[in-house]
Amino acid sequence: MIRVSVVGAQGRMGASVVQAVEAAQDMQIAQKITENDDIAAVTADNTDVAVEFTVPSAALDNVLKLIAQGVSVVVGTTGWTDEKLDRVKAALADAPHQGQAVFIAPNFAISAVLADKFAAEAAKYFTSAEVIELHHPNKVDAPSGTAIHTAHAIAAARREAGCAQMPDATQGEVASRGQSVDGVHVHAVRLQGLNAHEEVLLGNAGEQLVIRADSFDRASFMPGVLLAVRNVASGEHPGLTVGLDTFLDL
Amino acid sequence: MIRVSVVGAQGRMGASVVQAVEAAQDMQIAQKITENDDIAAVTADNTDVAVEFTVPSAALDNVLKLIAQGVSVVVGTTGWTDEKLDRVKAALADAPHQGQAVFIAPNFAISAVLADKFAAEAAKYFTSAEVIELHHPNKVDAPSGTAIHTAHAIAAARREAGCAQMPDATQGEVASRGQSVDGVHVHAVRLQGLNAHEEVLLGNAGEQLVIRADSFDRASFMPGVLLAVRNVASGEHPGLTVGLDTFLDL
Amino acid sequence: MIRVSVVGAQGRMGASVVQAVEAAQDMQIAQKITENDDIAAVTADNTDVAVEFTVPSAALDNVLKLIAQGVSVVVGTTGWTDEKLDRVKAALADAPHQGQAVFIAPNFAISAVLADKFAAEAAKYFTSAEVIELHHPNKVDAPSGTAIHTAHAIAAARREAGCAQMPDATQGEVASRGQSVDGVHVHAVRLQGLNAHEEVLLGNAGEQLVIRADSFDRASFMPGVLLAVRNVASGEHPGLTVGLDTFLDL
Amino acid sequence: MIRVSVVGAQGRMGASVVQAVEAAQDMQIAQKITENDDIAAVTADNTDVAVEFTVPSAALDNVLKLIAQGVSVVVGTTGWTDEKLDRVKAALADAPHQGQAVFIAPNFAISAVLADKFAAEAAKYFTSAEVIELHHPNKVDAPSGTAIHTAHAIAAARREAGCAQMPDATQGEVASRGQSVDGVHVHAVRLQGLNAHEEVLLGNAGEQLVIRADSFDRASFMPGVLLAVRNVASGEHPGLTVGLDTFLDL
């Protein structure tokens, strides 16, 4: 039985993680830490893996404390910069237990991770590629971090393969053409009723390949979270790992 | 038999119109005017309706000449401004024959005209609405005239119904949010392999309505052109008419 | 204030209706009737409109009782046959109060109602039309009642307009072509993660019109339920009314 | 310069191949063989690779003759059975030149080949998977060979990974559920205006992955044909090879 503590257990994502862990046959809940609890309660004695789902302003501090307390962490909170990641790496180098691991994923939805990967693989075979991401209207950032990641992955694959620049005869007023991320146009739709969706369009003369990931609700993240918990608990991925694709057998 | 002359018969659209007229049971080709021919050859004696498919810089002049020669015109060339339309109206007021008509359509694809109309009808029932238009990468303008028309129609319907502003929490960098046309966000994709496509997304809490028109090739415009020719030839629409929806029985 | 009683208040749909009524500025909850309560508690004295969301085997009985108790009803439960509707009509003819109304809708999602209506309007302008409905895998019937309704509406519109039969050269094994409903092919997808979705494809040479309604969750039905409650409470629709389109100003 | 002879040069696909070869910088046309010409004119002296695009009833005979004449072949004609493939293999074993190759692809559209591959890779991560293929109404078979291939690939991947059966509570009339191909439901739409399209839907609780390939016209096959010609001409793929994925660096 993997003993899982949830940091941010009062939040919507955290509560979903608690439910998912309780429903999993190979896991049990160790500690539920809310914003009023002391994270010091999560220790190597009572916890195999901590799942951190709080807010960007609190996450780094939480992760550093958990590392110091000897606990491996699966992090669902977003907002990680290179600088923050470096601090996590440094903390892991001084971690009390050998093999301690931190896993951070910008997106736990398997459909989104696969879409990202397939788009990058396919990109070099097409003349054009654009990304449309669609979210609920409460989202404050645009485009989404996932869409930026996908655009960079497409651009990198095309550079490596020596692809020509994408054709685009657009002249004049171009606000409608969206944001160019590393040369890949990214469009962000904000629509009541939607949750989190991404569509990659790839085109050649006479043909199109469309790869679309729809995340309809929080439930979509739970299989990815449990997959990460199992991989981190296995001890086979010590140190810092970023991205769920690492744990997909593709 | 409706006698149809085609101005711009050497172009791709013009050639398609010639074919479509020849295939129609109730029409026959009168004059085929290319860029090397004198448009004066098209007269009320030999022509019931002229179809003009040339370039924006030539269209107004062609239409004014045809009016003066006593011929009704179906115009497929784009690029009409209010000022140009006023000159057409003035010329029709002085036209040699009673009941002479000019019909101008920004889009002859029935699917596009219906999508535009349905989007406007539905707009007031939804919290959010956005427009995505997708075209081949040789298109020089963005967004498309059709998308601008659709956005204005959505905005007007919502104003009339007293709809609240659409929710949008986006902060900071917003190039990815596209162009706001009358408060409606419009996104333009340019992709090799595509022709002319428009998608309208309408959202409420828990639901979405998507209306999409795909024009795969020139063939898609011919039913609309023939419908316009028949309506203009009927004599029931004297003066200037803009928009194919006028001739759809909806 | 419209006083609304909810019959089936313990169910998922009923509970959502209670929430939606409580959130509406112009309504208040009168009685909440669960399966353990006596529906006789809902009377003309305490209730302007009853909303009935139970199960097909109970709905007719509930509606007849409510009519006899002098209460107008908005019915969300499905499974209505012509015979059942006739019994409702007969009961309304003998209703204690003048102007009592019963409103029954096969679908309260505005997107679905609009998709159905637009598909029927557009059908006569296209050579081909097919319907794809997509639902969660727990649904026991296929195709959905909504898809059957849409197919019949398309077929009726095409008959009235004298449209030719749709082209289809398919030979041999045809299970993949789905179910022909009144000559319109209907396909049913059952997929984990989906809720209730319908897509109508309409095609001409060179063009396609796609109309798609997505109902992601129960929230999508509430605007339609409240619209129906307001219309029934207004007293302007006495007797039996079927279909939310009656209350949409299209 | 790769010398390419086209067998079936009078057909629409053959004519497109001639154009594509003439436009390619590294190829030239050797022989154009129409139905009135003797295929014996294509020899190892004048041809590096023959491209065969005729009809299923003629293709095997053509390929056997070309092998006997010492020529490697890229085959675009469909309708290959295991028995026919065995005869090609046998002929290649007795071929006059070492390293002679025959390449057969059920589909030369890169988007379709990638969609097929990605669907198979993703299949084991999802609870449900279904295939929708959409074609012009002149197609005589349903479902398409590509859709059958995709369904088998999905089923095989799920068997290997030990996936549970897909959930489906459907009872009673099930024509709308399409054709079960190896346990994967396949739906075939026939719609005027479409050409050849395939959509794979993969679903988990709360999420969906959609992979869609659109082939709008014959142009979509040419990059795949040229890729096959180059690979066959390289001499690195002697014997019989089936499927364009062999030549994609994925």
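Observations
Order as written gives the chain letters A, B, C and D; numbering starts at 1 within each chain.
Here, contacts are C-beta pairs under 8 Å (C-beta built on N, C-alpha and C of every residue); 3 or more make two chains touch, one makes a residue touch a chain.
The model shown is predicted, which means the values in this text are computed figures rather than measured ones.
Distance from subunit B peaks, on a Cα-centroid basis, for A.
When the CA atoms of subunit A are superposed on those of subunit D, the rotation angle is 180 degrees to the nearest 5. The chain pair A-C and the chain pair A-B differ in C-beta contact count, and the higher one is A-B.
Once the centre of each chain is set as its mean CA position, subunit A and subunit D turn out to be 36 Å apart. Between the Cα centres of subunit A and subunit C there is a gap of 39 Å. Chain geometry summary: the mean Cα position of subunit A and that of subunit B are 44 Å apart.
Shared interface positions of subunit B, i.e. residues touching 2 or more other chains, are given as 126, 193, 202, 204-208, 214, 216-217, 220. Subunit D contributes residues 193, 195, 214, 216-217, 220 to its touches with subunit B in the complex. Residues 109-112, 114-115, 118, 121-122, 125-126, 202, 204-223, 248, 250 of subunit A touch subunit D in their complex. Touching subunit A in their complex are the following residues of subunit B: 126-130, 132-134, 137-143, 147, 166-180, 185-194, 201-208.
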